[in-house]
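What follows is a set of structures to go through.
The two complexes that follow have subunit A in common; it is paired with subunit B in the first and with subunit C in the second.
Right after this comes the complex of A and B.
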């Protein structure tokens, strides 16, 4: 069975089929079968084998409680707890902020932990900057984020000479 | 007079792991016997395992009894301490292994403080699932399903005093891991109020007599 196609432009009216079929064959079409709708969420698609990929990126999201851990740990997604939207927005902001402050230095995704009042940001950086610059940026981030979110923010930093490659896809 | 211990600021001051204060043999320099099982012992002391009792010296540890009066953490008040028949600690989290390790920690802390544990059970998990459309526009037949799993663990303790409960709960809560929430239910024991301590039916006949007396006079 031929894959169903949505035709844009010329509509296939019955009287045109016989005489103008060569015109119809060069119209545009969008494939709409289910076979083509593969999941692309949080996955790195397999390529030629030259793309380096970390452990976090290599595993798709259905491995989350099995081979992967969580990147953001808070209680608002538990049964009967509230504030999920606020925590998510804060998380997105913090990730973008740190990605921008330590531009090009992030080896892996940031892990955010919320323990009582304290927000702990765990990050793994590449050794692309001299240490005194790292110290300054860490202090700057901590102070700015604590003033922004009115809670103590701690940045726990680990540096690595290069990105840890899990496999090549 | 009941000494009420205020919860200590450092969580590890609530009870040194393995120390048995009831032994009553305090050395003047702060040495005291430590009973460790081989599993709980920290690695640096494993070489001393051949003896049953270890004499471990901790420097800077106050053992002088007179110090309690100067100690601002402990206060003595005249009110009787509240009593709890049952203290129920329910922890919930996304990760079952985290709850397992937290349960081990809470049970260990309770045993060190001498709290009797009634039971530890695991209520069944709850899964919240929802189905959303996969695409932002049309494609109604293609959906994505998400779920959020909440695992529970319930620890029930019995026969606690108010100060013990405060200290234990403060210690437990300061060491709650991230991503784990806790709910506490306390069942308090209260003394029966004075006006219902004795049954009323002892006094009822006198009431009836006056009523009959009133009826007779009414005639």
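Right after this comes the complex of A and C.
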């Protein structure tokens, strides 16, 4: 869309197209109105059709509650309830923690569910580690997070052979 | 990466097994065998060709040792299994445990919704697979042992009110988070009908004046809400204490209560009111003017016409102006003043 610009100096007209006139026609432009960039939040830009994308990545945030659910379920965002900030900070930490503990094995985002006192972490992993390693890491995560947050933490794990592709962008 | 000829911390040459363990890092000791054949003690280090060979053999060994995923549980389920064993408690959706061909999600163009394997949307939503009717029946039979029968005497609301006139209301709050406490849980509400309390006319009026807003005239219910104490038990005790104090205080008559003026009265009383004086004066004067029998005020008061007039005036003042009230007032006035001619 054409933004208003101020042009200083000679504008390049067809008859001034000679080597000398190009030196003179230094046209610089200054943007004078507010800049309105396109929204880039949580959106995977369309490419050549070779970018595999999961269901979660393919849908931008305005599809939440229409085609997507919520990744974190707790009561703090209801009217009159408190603790929303604490739950959010816990969520962020747990996501980073699990991303690092099961490095390279996460097939999709983690779903966090809070049921009264219990924190249920639902994760979908790729079958990149042998099962005994998975069991050890699951026990390690559960114990460590239980001690960190002083509440029972349960990890409910599913494995898939490879990432579930929704479409190619 | 540590060279095979010596360890990082001291200059001692190391055994190939230990070397391989260090070089392999946190990987399993099973891989040591792949390394130990390639490394030689005292040599300058594994040559690139040997390293490549060891890596290829390692990946093939990983491929060989890799356990293939077993068949999902859905294929081993009997048709008449007890579903409560699959989902005994609330759990996330597991596609290999639920033998249903469920699809969820927005379909791709000219496609179908994504299948259940690895479907995050199915995991996100809360499911009730653990609450099938047979499972609920099982819960109820287990809980029945801890329940007592409802008393058969209390089979209607009136009987409940008669035996338990005071109603206590408390609210418990449940939320998701590590803390059980909620400050709103300390509020206690006490409700009682004043007709159930043993109050005479003066006590009832005094009680209503004392509580003010907390009394509802239409339902005759006194509501006391307490939340000034930090604990629910304390608020309950305080509420009961308030009720006791109100009851006892309303029965007492203080010295200053005889200074009650007409503005303090709750309802209109005809005796000793200007209306009574005016009516009696008027009637006495009418009798005097007509020079009929002399009637005393007491006889007038006792007569039916004046009684009628009294009831209509009281009704008008207490209940407000309704069509019925005004008609009856009109009739009583016509009778009082002997104005039958005016219809």
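The rule is short, and it goes like this: the second predicted complex is superposed on the first by the 134 of 169 C-alpha atoms of A that agree within 3 Å, B and C clash if a C-alpha of one lies under 4 Å from a C-alpha of the other, contacts with A are read in each partner's own complex, and residues count from 1 in each chain.
We adopt the following convention: a contact is a pair of C-beta atoms (placed from the backbone, for glycine too) under 8 Å apart; a residue touches a chain by one contact, two chains touch by 3 or more.
None of the values given here were measured: they were computed from a predicted structure.
S.K.: Given the alignment on subunit A, is it a clash or a fit between subunit B and subunit C?
M.R.: Here the two partners, once superposed via subunit A, clash with each other.
S.K.: Report for A:103: first if it touches subunit B alone, second if subunit C alone, otherwise both or neither.
M.R.: It touches nothing on subunit B or subunit C.
S.K.: Identify the partner contact of A:77: answer first if only subunit B is touched, second if only subunit C is, both if each is, neither if none is.
M.R.: first
S.K.: Is A:120 in contact with subunit B, with subunit C, with both, or with neither (first, second, both, neither)?
M.R.: Both partners, subunit B and subunit C.
S.K.: In the superposed arrangement, which partner chain does A:131 touch: subunit B (first), subunit C (second), both, or neither?
M.R.: A:131 sits against subunit C, while subunit B stays out of touch.
S.K.: Considering only touches as defined above, state whether A:65 meets subunit B (first), subunit C (second), both or neither.
M.R.: first
S.K.: Once the two complexes are aligned on chain A, which partner has more residues of subunit A within touching range, subunit B or subunit C?
M.R.: C
S.K.: Return first, second, both or neither, reflecting whether A:87 touches subunit B, subunit C, both chains, or no partner chain.
M.R.: In the superposed model, A:87 contacts subunit C only, not subunit B.
S.K.: Could you tell me which of 5-13, 59-67, 95-103 or 203-211 in subunit B overlaps subunit C after superposing the two complexes on chain A?
M.R.: The segment of subunit B occupying space taken by subunit C is 5-13.
S.K.: Touching subunit B and also subunit C: which subunit A residues?
M.R.: In subunit A, positions 70, 73-75, 80-81, 113-116, 120 sit in both the subunit B and subunit C interfaces.
S.K.: Which positions of subunit C touch subunit A when the two form their complex?
M.R.: Against subunit A, subunit C makes touches at 65-67, 69, 90-92, 94-96, 105-106, 108, 114, 117-121, 123-126, 174-180, 184.
S.K.: Within the complex, which stretch of subunit A touches subunit B?
M.R.: 34, 37, 41, 65, 70, 73-75, 77-81, 113-116, 120
S.K.: For the complex, give me every residue of subunit B touching subunit A.
M.R.: 92-95, 126, 128, 134, 139, 141-142, 144, 148-150, 173-174, 176-181
S.K.: Could you pull out which subunit A residues touch subunit C in their complex?
M.R.: 54-56, 59, 63, 67-71, 73-76, 80-81, 83, 86-87, 107-109, 111, 113-117, 120, 122, 124, 127, 130-131, 149-151, 156, 158-161, 163-164, 166-167
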